[in-house]
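Listed next: structures, encoded as structure tokens.
Look at the two complexes coming up: chain A is in both, with chain B in one and chain C in the other.
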Partner chain A sequence: MATFGTAALFVTFVLAVYATGAAVLAARRRDRRLMQSASNALTAAFGTTLAATFALLIALARHDFSIRTVADTTSLQLPWQYTLSAFWASQEGSLLLWLTVLTGASALVMFQNRRRNRELLPWVAAVLGGITVFFSGMLSFVSQPFQQVSGPPPANGAGLDPALQNPYMVAHPPMLYLGYVTVAVPFAFAMAALISGRVDSRWLVAVRRWTLFSWMCLGVGMLLGAHWAYVEIGWGGYWAWDPVENAALMPWLAATAFLHSVMVQEKKGMLKVWNVVLVTATFSLALFGTFLTRSGVVGSIHAFVQSSVGPALLGFIAVVLAFAVTLIVWRLPILRSEHRLESVVSREATFLFNNLLLLAFAFAILWGVVFPILSEAVRGVQSTVSTPYYNFFLVAFGLPLLLLTGIGPLVAWRKASVNSLARTFRWPALSALAAGALLALLGLGSSTAGLTAFSLCVFVTITIGLEFARGMSARRAIAGTSWPRSLVDLIGRNRRRYGGYVVHLAVVLLVVGITASSAYSTASEATLGPGQSMRVAGYTLTYAGLTRSSDTNSTTTSAVLDVSRNGNRLGSLSPGQRIYPVEGRSTNEVDIQRSMLTGTDLYTILQGISKDGRSVTVKALVNPAVSLIWVAGAVFLLGALITIWPDPREARQLARRYAAALAREA
Partner chain B sequence: MTVRPRLVIALAVASLLSVFLVYTALAGSQTLLVSVDQLAANTSNAKSRTVQLTGTAVRCEAGPCSRLDAPFVFTLKDDGSSGTVRVRYGGGSVPDAFKEGRHVIVTGRLRDGTFVAEPDSLVTKCPSKYSGGGDGGSG
Partner chain C sequence: MSDAAIAGGVAVLVTVAVIAIAWPFVAPQRGQRDAVLSREDRRRIDLLERRDAAYAGLRELEQDHRTGKLSNDDYEAERRRLRAEAAEVLRELDALDSKPGERADAPREV
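Moving on, here comes the complex of A and B:
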């Protein structure tokens, strides 16, 4: 199996080298047969990578401890689902997942474009092939997934880190990787547009769904990771501004900026340079995130094992940046805007400000991540920035962004008058002010940023609500349909616009959840004997005693806490400590009681058990509205799917625009 | 004023504001990250200020590190030499991955030769989906 997998990866490398060379030649000679051959080679590379992937999965399933990655990340006692998810627990396995997604996406791009974008496709194939050469080369020569253990195979493996034995860890890494890797497709099209000189909006249209898909996967992946941290790591939070978390957030912010600025290029022929810069930034940041997690250059709660792939990845990022910057500079003369920005009060200006804020936030995060390296280079000793630094920028850039989320979609293109702005935003602004005053009266004025965020959330919600109401009224007036039917029709007729609004609603829910759970959280810690109680934010927790339970690969000791509020019993919670004998580790197992009405969590952690077993130390947190963050994830997914879903009407419009563009060129 | 100059000014103001924000935010929230040897050598006055200390946990005084609840005392060893320092972790959560041989970061201050760590400041470089598997399978 190991020989087969290694051979399959080497064949992938050879195919990728051939595809890259053949695609470049096909582009230069305008040779369609050679292009077809390059396309076939890329598709075949997906097949061979898939073969290597199955080989590793079979080795995991068969507990083949002669393979180092299997011996290091699994054991005979590990449940089957985690035995398979151990695929991406090792560096080699996660790189193989990278390559599988990359070659799969490349094959799909070749298939989707077999009859269109013929001028761009050879260069797209060359760029995707080049990226595949790098990753298959690393897996073939630097970080081999099928490397054998030295000496005889061990009787049992070392097991999987207990923190990774969680259902969210089965879904979170692949989702994040789908996002990271598929960003390569928009990048390849952008580079192809620059090389071929076809820099109109056609390449943007070709990658729109790919960009949305990458962005959706990154967003959902981050939320899955946040939920994993919340339920598994056991400190009561869900985001710690860890470099690995930041690594996913940065390309997501850049992709968000790109999704907005493409609309300006499609509609007005502006921001052409900006868009290729954003695509390059997104892909480079995705690669930088991969580099961060492997190089060991920055401290993190995640493992930053020193490895040989770090320098290779850094070199590859340098090549990508040099390649892209050279092309952009070379093509600057044909990247001029077709129109000028006429007013700072217009939709295009609003999108531009939104872009600046998103990029500034991404830069602030990048600065925070690399600050230890920079400070060491300058002063000889590392300095780090902590949570207050990131929170400062979250507020400084996040609140204006939230305001623009409400304003942007409703401002007219080209130029808006003050009167029309007053008409459009009168009710949302008054509602936001009234909500702010009400919340201050209710005692939420302790956090100015929190109060401002809530008020802006009301502003955005009202603007979106009015948009839906206006659209549905118009549909009813035209077609005489019911309200629910008019809602479905409205979304169906303009999926991009109304799907975008749904995503904006998700942003509102996310902001409310994050603000409430961080600015208004309450925590308490106490050591309790049987029958003793502690209070936190109106809840009373009474310790009833210890219980023990066993699983196939772990033993758990839990403290039973009876929960009541205002004298009413609300059930019990059992936070525990779990011991994994094979891995030689213990973990905290939190227990959470969730209010379906308010979304508030009562979150309990068993901090310690006294040596005689008579008392326990319990930490309890009340996190208001934290559930809204996970609801926001579902709404975000719904909105993103609406925008991605194929729209025949849009396809017909695009076909007409293509035909017109081709006629102009002819 | 035409639109273009106005936009240029707006962008310049935004850029300057960003730099200013970066500067002010950094000035208030950066913490020195030192090794055990750098702490011993008092690099950048590390002995007299709150710092992040990094090294490898080699021994806990009350028993196996992975079974302890705070408070406890452990020995932290420099990653590049045999230098050690005693660390008193007074309270707060103990990361699941904390055990002997683990690389850790802890925030606190040196007092009478013992590094007194702040509550909830103990962070382990734990293995994850990104680990290289070169640490005996556990990171």
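Moving on, here comes the complex of A and C:
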């Protein structure tokens, strides 16, 4: 199996080298057969990579401990689902997942564009082929997933990191990888547009859904990761500004900026250079994220040990940046804007401000991530950038961004007059001020940032509500349909706009959840003997005793806590400590009681058990409205899917627009 | 997995790969070279994009006006501007398509 997998990866490498060279030649000679051959090579590379992927999965399922990756990340006692998800627990396996997604996306791009974008496609194939050369080369020569153990195979493997033995770890990494890797497609089209000189909106149309897909996967992947941290890591939070969490957030922020600025180019012919820069930044930050997770250069619960792939990845990022910058500078004369910004009070201006804030936030995070590395390189001492640094920028950039989320949809394109602004913003602004005053009276003024965030959330919610109400009213006036029908028509006729508003609503829910659970959280810790109680935010927790349970690869000791509030019994919680004998590790197993009505969590952690087993130390947190974060994830997914969903009318219009060119290309 | 099975598997992979890349050169196919877009084609695409942007702008303007984001004066001024822009683009498209020897086969409305 190891020999077969290694050979399959090498064939992928050879195919990628061929596809890159053939695509470049095809572009220069305008040779359709050569292009078809390059396209087939990329598709075949997906097949050979898939063969290597199955080879590793079979090796994992068969506990083939002669392969180092299998021996290092699994054991005979590991449940089957984690045995398979150990695929991406190792550095080599996760790089193989990178390559599988990359070649799969490349094959899909070749298939989707087999009859269109003929002027761009050879260069797209060349760029995707080049990226595939790098990753398949790494897997063939630097970080080999099928490397054999030295000496005889061990009788049992070392097991999987207990923190990764969680259902979320089955879904979270592949989702993030789908996001990271498919960003390569917009990048390839942007570079193809620059090389071919076809910098009209065609490439933007070709990549819009790919960008939305990457952005959606990154967003959902981050939320899955946050939920995993919340239920598995056992410290009461969901986001720790861990370098690897930041690695996913940075490209997501850059992609968010691109998704907004692309509308300005499509509608106004502006920001052409900026859009190419954003796509390059998004892809480079995705690669940088891979570098952070694979190089082990920064400390993180996710990062792998110091490895040889770090310098290669860093070198590749440098090549990508140099390549993109050279092309942008070369094509500057044809990237000039067709229009200029006419007013700072216009939708395009709000998009521009939104872009600047998103990018500033992304680069503030980037600085926080690289500062410890630079500090160690220059001074030999590794400094850390802690949570207050990131929280400062989250508030400094996040609140104005939230304000713009409300302002943007209500401002007209080109320019808006003061009178129309006053009329449009009257109710949202008054509602926000009233909500702020009410919340202050209710005692939520302890956090100024929190109060401001809540007020802005009301502002944004009212603007979204008004947009839907006015749009539905206009549809009813035109078509005379019922309210539900007018809502369906409204969304169906402009999926991008109204899907975008649904995503904005998800942002509001996310901000409320984050603000409430971080600024207004309550925590308490106590050592309790049997029958003793502790109180936290109105809840009473009474320690009833210890229980023990075992499964195939772990033993859990739990403290049973009876929960009551105002004298009413609400059930019991059993936070525990789980020991994994094979891995020689233990983890905290938190237990959470969730209020469906308020979204508030009573979160309990078993901090310790006395040596004689008679008392336990328990930490309890009450996290208000934290469930809204996970609800926001579902709403985000819904909005993203509405936006991504194909629009037949738009497709027909584009087909007509490019009919002349297509007729010549065919 | 026996050595023969491994060798067989690798042989299948290599054979499929070779067939995939060689197939376009041995299969009968219409046309071997792609035409490249001329300067006029590119200009036409630019103009069509501008035309569609103006049309989309007009639709959006209508929606913004109906939903109360624009005063009547702003609406009228912007509508005049977008209509003038669309008309200008259509004139340029007509001029481009009526050039002798250029795009005689192209559809007038694409």
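What we mean here is this: the second predicted complex is superposed on the first by the 650 of 666 C-alpha atoms of A that agree within 3 Å, B and C clash if a C-alpha of one lies under 4 Å from a C-alpha of the other, contacts with A are read in each partner's own complex, and residues count from 1 in each chain.
We take it that a contact is a pair of C-beta atoms (placed from the backbone, for glycine too) under 8 Å apart; a residue touches a chain by one contact, two chains touch by 3 or more.
What you see is a predicted model; the values in this text were computed from it and never measured.
S.K.: Once chain A from each complex is brought into register, does chain C clash with chain B or fit beside it?
M.R.: These partners fit in the superposed model.
S.K.: Between chain B and chain C, whom does A:Lys267 touch in the aligned arrangement: first, second, both, or neither?
M.R.: In the superposed model, A:Lys267 contacts chain C only, not chain B.
S.K.: Looking at A:Arg414, would you say it contacts chain B, chain C, both, or neither? Reply first, second, both or neither.
M.R.: So A:Arg414 only meets chain C here.
S.K.: With the two complexes overlaid on chain A, check the angle at chain A between chain B and chain C, Cα centres, nearest 10°.
M.R.: So the angle at the centre of chain A is 140 degrees.
S.K.: Considering only touches as defined above, state whether A:Leu15 meets chain B (first), chain C (second), both or neither.
M.R.: second
S.K.: Should A:Ala171 be classified as contacting the first partner (chain B), the second (chain C), both, or neither?
M.R.: Touch partners of A:Ala171: none, neither chain B nor chain C.
S.K.: Check the residue A:Met1 against both partner chains and state whether it touches chain B (first), chain C (second), both, or neither.
M.R.: A:Met1 sits against chain C, while chain B stays out of touch.
S.K.: Could you look at A:Thr587 and tell me whether it touches chain B, chain C, both or neither (first, second, both, neither)?
M.R.: first
S.K.: Once superposed, minimum distance in angstrom between C-alpha atoms of chain B and those of chain C?
M.R.: The answer for the closest chain B-chain C C-alpha pair is 18 Å.
S.K.: Which of the residues in chain C come into contact with chain A in the complex?
M.R.: Within the complex, chain C contacts chain A at residues 1, 6, 9-10, 13-14, 16-17, 20-25, 29, 31-38, 41-42, 44-46, 48-50, 52-53, 56-57, 60-61, 63-64, 66-71, 73-74, 78, 103, 105-107, 109-110.
S.K.: Any idea which chain A residues touch chain C in the complex?
M.R.: 1, 3-4, 7-8, 11, 14-15, 18, 22, 29-38, 40-41, 43-44, 47-48, 51, 118-119, 198, 200-202, 266-269, 338, 410-417, 419-420, 423-424, 467, 470-471, 473-474, 477, 653, 656-661, 663-665
S.K.: Which stretch or stretches of chain A touch chain B in the complex?
M.R.: 68-69, 71-73, 88-92, 94, 157-159, 161-164, 169, 172-173, 233-235, 244, 293-294, 299-307, 340-344, 349, 356, 360, 363-364, 367, 371-372, 375, 379-386, 388-389, 392-393, 396, 583-588, 605, 607-609, 617, 619
S.K.: State the interface residues of chain B toward chain A in the complex, per the touch definition above.
M.R.: Touching chain A from chain B are residues 3-4, 6-7, 10-11, 14, 18, 21-22, 25-26, 28-34, 38, 43-44, 46, 52, 54, 66-67, 69-70, 93-97, 99, 105, 120, 123-139.
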